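Alright, structures below, take your time with them.
Presented sequentially are two complexes of chain A, the first with chain B as partner and the second with chain C.
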Partner chain A sequence: MGELFPRKQVMGFVFSLILTAAALTVYFLHLSFAQGMAVLVITAFVQALLQLVVFMHAGETEDKWIIYGKVYFMIGVALITVFGTLLIFLWDM
Partner chain B sequence: MKIDHSLPLEYSTKQNGLNIFGFWVFLAAEIMLFATLFTSYFTLEHRVGSGPSGAEIFEITPVLIETLVLLTSSFTIGLGVHAMRIGNKKAMMTFFMVTLLLGLTFLGFEIFEFVHYVHIGAGLQVSAFTAILLTTLGTHGAHVTFGLFWGTAILLQLKKRGLTPETANKSFIFSLYWHFLDVVWIFIFSFIYLKGMM
Partner chain C sequence: MEFFQRFAIPNPSLAIYASMVAIGLTVIAIIAGLTYFKKWGYLWREWLTTVDHKRIGIMYLISALIMLFRGGVDAIMMRAQLAVPDNKLLDAQHYNEIFTTHGVVMVMFMAMPFIFAFMNYVVPLQIGARDVAFPRLNALSFWLFFFGAMLFNLSFVIGGSPDAGWTSYFPLAGNDFSESVGTNYYMLAIQISGLGSLMTGINMITTIIKMRAPGMTLMKMPMFTWATLVTNLIMVTVFPVLTVALAMGTMDRLFGTHFFATTNGGMDMLWANLFWVWGHPEVYILILPAFGIYSEIISTFAGRNLYGYKSMVASMVVISALSCMVWAHHFFTMGQGALSNSFFSITTMMISVPTGVKIFNWLFTLWKGKIRFTVPMLYSIGFIPLFVIGGVTGVMLAMSAADYQYHNTMFLVAHFHNTIIPGVVFAMLAGLTFYWPKMFGFMLNERIGKWAFWFLSIGFCLAFFPMYITGLDGQARRMYTYSEATGFGPLNMVSFVGAGVMAIAFALIVYNVYYSVRYSPRNIGADPWDARSLEWATHTPVPEYNFAIEPQVASSQAFWDSKKKGHELFPGKLEKIHMPNNSGVPFIMSAIFFVWGFSMVFSLWIPAIISVIAIFACMAHRSFEKDHGHYISVKEIEETETKLRGAN
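For the complex of A and B:
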């Protein structure tokens, strides 16, 4: 039975639960908007990285840098889209 | 086809490696799909018109249940892939079934949530905010729904054909898809729900 629950994945799951609990602090504590957003950005991106490395086995094969490169490039394009639009439509720059 | 036994079954042929690589290309495009939805959400979230705002309609309990259910399903499908790699087909199929049941639970809560929103006057046509909220959540929910059918088909094929390089490859690719949906949900949970309730 133990061989079905590898340590790496169980630890990954526990850590993802801890990150979810950490993100919940913005709901239960009275943080400022900037502090709250900082907590959310950190917990969300660490959580995404955890899924990518532990559960999606992104770094296991020889093409690992192509996979990581592709994903990080798309995240970059995604962030440019989000913040570029916010700059124009919300922050009036 | 040449089978390389030094690699896990899902990577064991050239074609299998290429399939997995191709699926990562698809996932990269999916990142962009959800990025445009998040962009629109952040742009429109304060345009509530005469309708309710996020802070007024979001409730922590169902959202937290959905999050925990989806996180757990991501864990169980990870265990499924591990069971596949040690060649335990029975355990693998059990983990995949648990994953799909958790996915169904998630979807049940989400449908309940949508019905609740419409009921309290936050339907799709009420304001720019409700429109983009339900479109973003609905796109994720549609992906989960599609995943349930896909996962069921893969389970049937595993039962019929057993663990071959092809079925292992399809199962692994399905697990990538499922983990990706969990990642998208984490962002929905953080930047739509928690940010809205902050």
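For the complex of A and C:
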């Protein structure tokens, strides 16, 4: 019976609800802009990874290396884009 | 009547009215022709609803060729306008529209579908697959591209063409400075076809990762397949940036937001930034498949294995990573400091290292080879020196301090045409000639092909080398005229002559197709070039299921091994084959996208909302549809195989 119960998925669902609630508190708690953005960015990335691993089944097949490789590459490019843009328009303008 | 005034052309001229009549007559002729020859059913069953990767590839190819001629006419008109000082052939507005549509058409609607044509047609054959991973998604990709392209071309006769350059920089592209709906067309047409490109990216990655023939490890894939994999990885990474940038631009223009405005906290430079975050990787999206095609052709006609297979793969991976960190070199002069300019200068120059590795690998492949100078090989050999000139001037432009001199001059125009024409256009024509017999069952005439190659190469040199000189002398790009005192006249006349010679080359290519359709022999067999990889191992014409028996692979040149070393390519026996069913939904859904785009361009909200609902209805239909494809029985396969073998 234990194998039939989707423990991972139920836990994932609960955890994603918690993350959503945490993001929602930014609206109610009157945080500063920086604090609010920090909470939102962190919960958003954790939420995305959670969805990818638990509900979109990344890492459950033999070709998981290309899925994760692609995710890391995308995160790398996103970071380069964001920090490059900050360099151009904020720190060095 | 007031309602219809919005569809009028803001800056009409005789040429546009003549084109309207010509377009109208062509549409009537096509409809009448299809009706007279009773081909509507054939068109719908065999082409509009097809999910076969080979037919989709051919449709991409036809669209790309048509767009090549549309963009080419724009180019000729530009060169004609600049041929003599103070020319009155075109006015400033018309010239702006032409250079804008030339750029967009050539990059988005000519080069992109051309590479998709080869990816679609060749990659599943090269890896021994029966189709791409998601055949229906593939059809949707094509039709989204097609209707995006049609929407963009419609701007010419309804509402006016975009006129803010192919980069469409804000604030010029904003409502304050571009009042006509032209830039709306730009935003929405590229958005629609960009969605198609993103889907193709996902589709091709999945196909290559999941559907390779047994024995074909990643390092045993043919080089074009590797190039396609790397290209599509970049494509999936950067196209979302374009999607977002275009969506923000659309909202600025239609809904009064201020993302790229100069007021209310907007930042016009952010458009340039986002555009090039996509735009620079985009040029590698175009060039890497071209490199793949050259690798196939050079190794085939030098009669040797590709030299340095591993370094070829490694250099492509390095290029793909570097391509995402050089974008700021497109706007060195925008006002950022020396630190960021130096960073982007260095990353830009670093790209020349892996590219140089590839050039040397091709040269070493040629070294001691038994070279056959066929038309595809001529293009490949011509590519190497011409592309190196483009690459070296690229390194010159990469030096940010010097770039203050070159920026937005004809030197830049000469540079990027010098990489794109020998790099991409030559590769596409080489690939076209190389894969033509596989696609259509006969070869293009070699003699006419060689004439076309020489006209194209010489015309190219005549057209673009003078621009380096006038650029260094200070001729700005996108200026519709110049005075006689500048002294730019004679060299621009040489450019015009060169453009004319290139036009003759393209006319020769068309004549070659006509001539070869009529006179080329049809009994060429499945492997007319004595080639090396799997796509030549199946019959010509390729049956619907590609390979009757799944091929077994032991090296990157599996077919060559089977010819020379006795490798057994098809050890299995016939089994029934599972194939996808045709579907009209991709075509219908993309047509609705076209209606949506058109309604958005003219702010017709009610049809736009209805179209969005209809698009979601199409997706819902797909979700609830039960379609498990069909099987081709062993008996049918045997019949087809006997027939095809008999033909050869």
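One rule holds in what follows: the second predicted complex is superposed on the first by the 83 of 93 C-alpha atoms of A that agree within 3 Å, B and C clash if a C-alpha of one lies under 4 Å from a C-alpha of the other, contacts with A are read in each partner's own complex, and residues count from 1 in each chain.
The definition used in the following text is that contacts are C-beta pairs under 8 Å (C-beta built on N, C-alpha and C of every residue); 3 or more make two chains touch, one makes a residue touch a chain.
Everything quoted here is computed from the prediction, not taken from an experiment.
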Clash-or-fit label for the pair chain B, chain C on chain A: clash
Contacts of A:L40 with chain B and chain C, given as first, second, both or neither: first
Touching partner for A:A48 - first (chain B), second (chain C), both, neither: first
First (chain B), second (chain C), both or neither touched by A:D63: both
Touching partner for A:M93 - first (chain B), second (chain C), both, neither: second
First (chain B), second (chain C), both or neither touched by A:F73: both
Broader residue contact with chain A after superposition on the shared chain, chain B or chain C: B
Colliding region between chain C and chain B, picked from 4-12, 76-84, 94-102 or 148-156 after the shared-chain fit: 148-156
Common interface positions of chain A, toward chain B and toward chain C: 63, 66, 70, 73-74, 77, 81, 85, 89
Chain A partner contacts - residues on chain C that touch it in the complex: 205, 209-210, 233, 236-238, 241, 267, 269-270, 273, 277, 321, 324-325, 327-328, 335-337, 339-340, 343-344
Residues of chain A defined as touching chain C within the complex: 63, 66, 70, 73-74, 77, 80-81, 84-85, 87-89, 91-93
Contact set on chain B toward chain A in their complex: 7, 11, 17, 20-21, 24-25, 27-29, 31-32, 34-36, 38-39, 42-43, 60, 64, 67-68, 71-72, 74-75, 77-79, 81-83, 86, 88, 91, 175-176, 179-180, 182-183, 186-187, 189-191, 194-195, 197-198
Chain A residues within the chain B interface of the complex: 3-6, 9, 12-13, 16-17, 20, 23-24, 26-27, 31, 33, 36-37, 40, 43-44, 47-48, 51-52, 54-57, 61, 63, 66-67, 70-71, 73-75, 77-79, 81-82, 85-86, 89-90
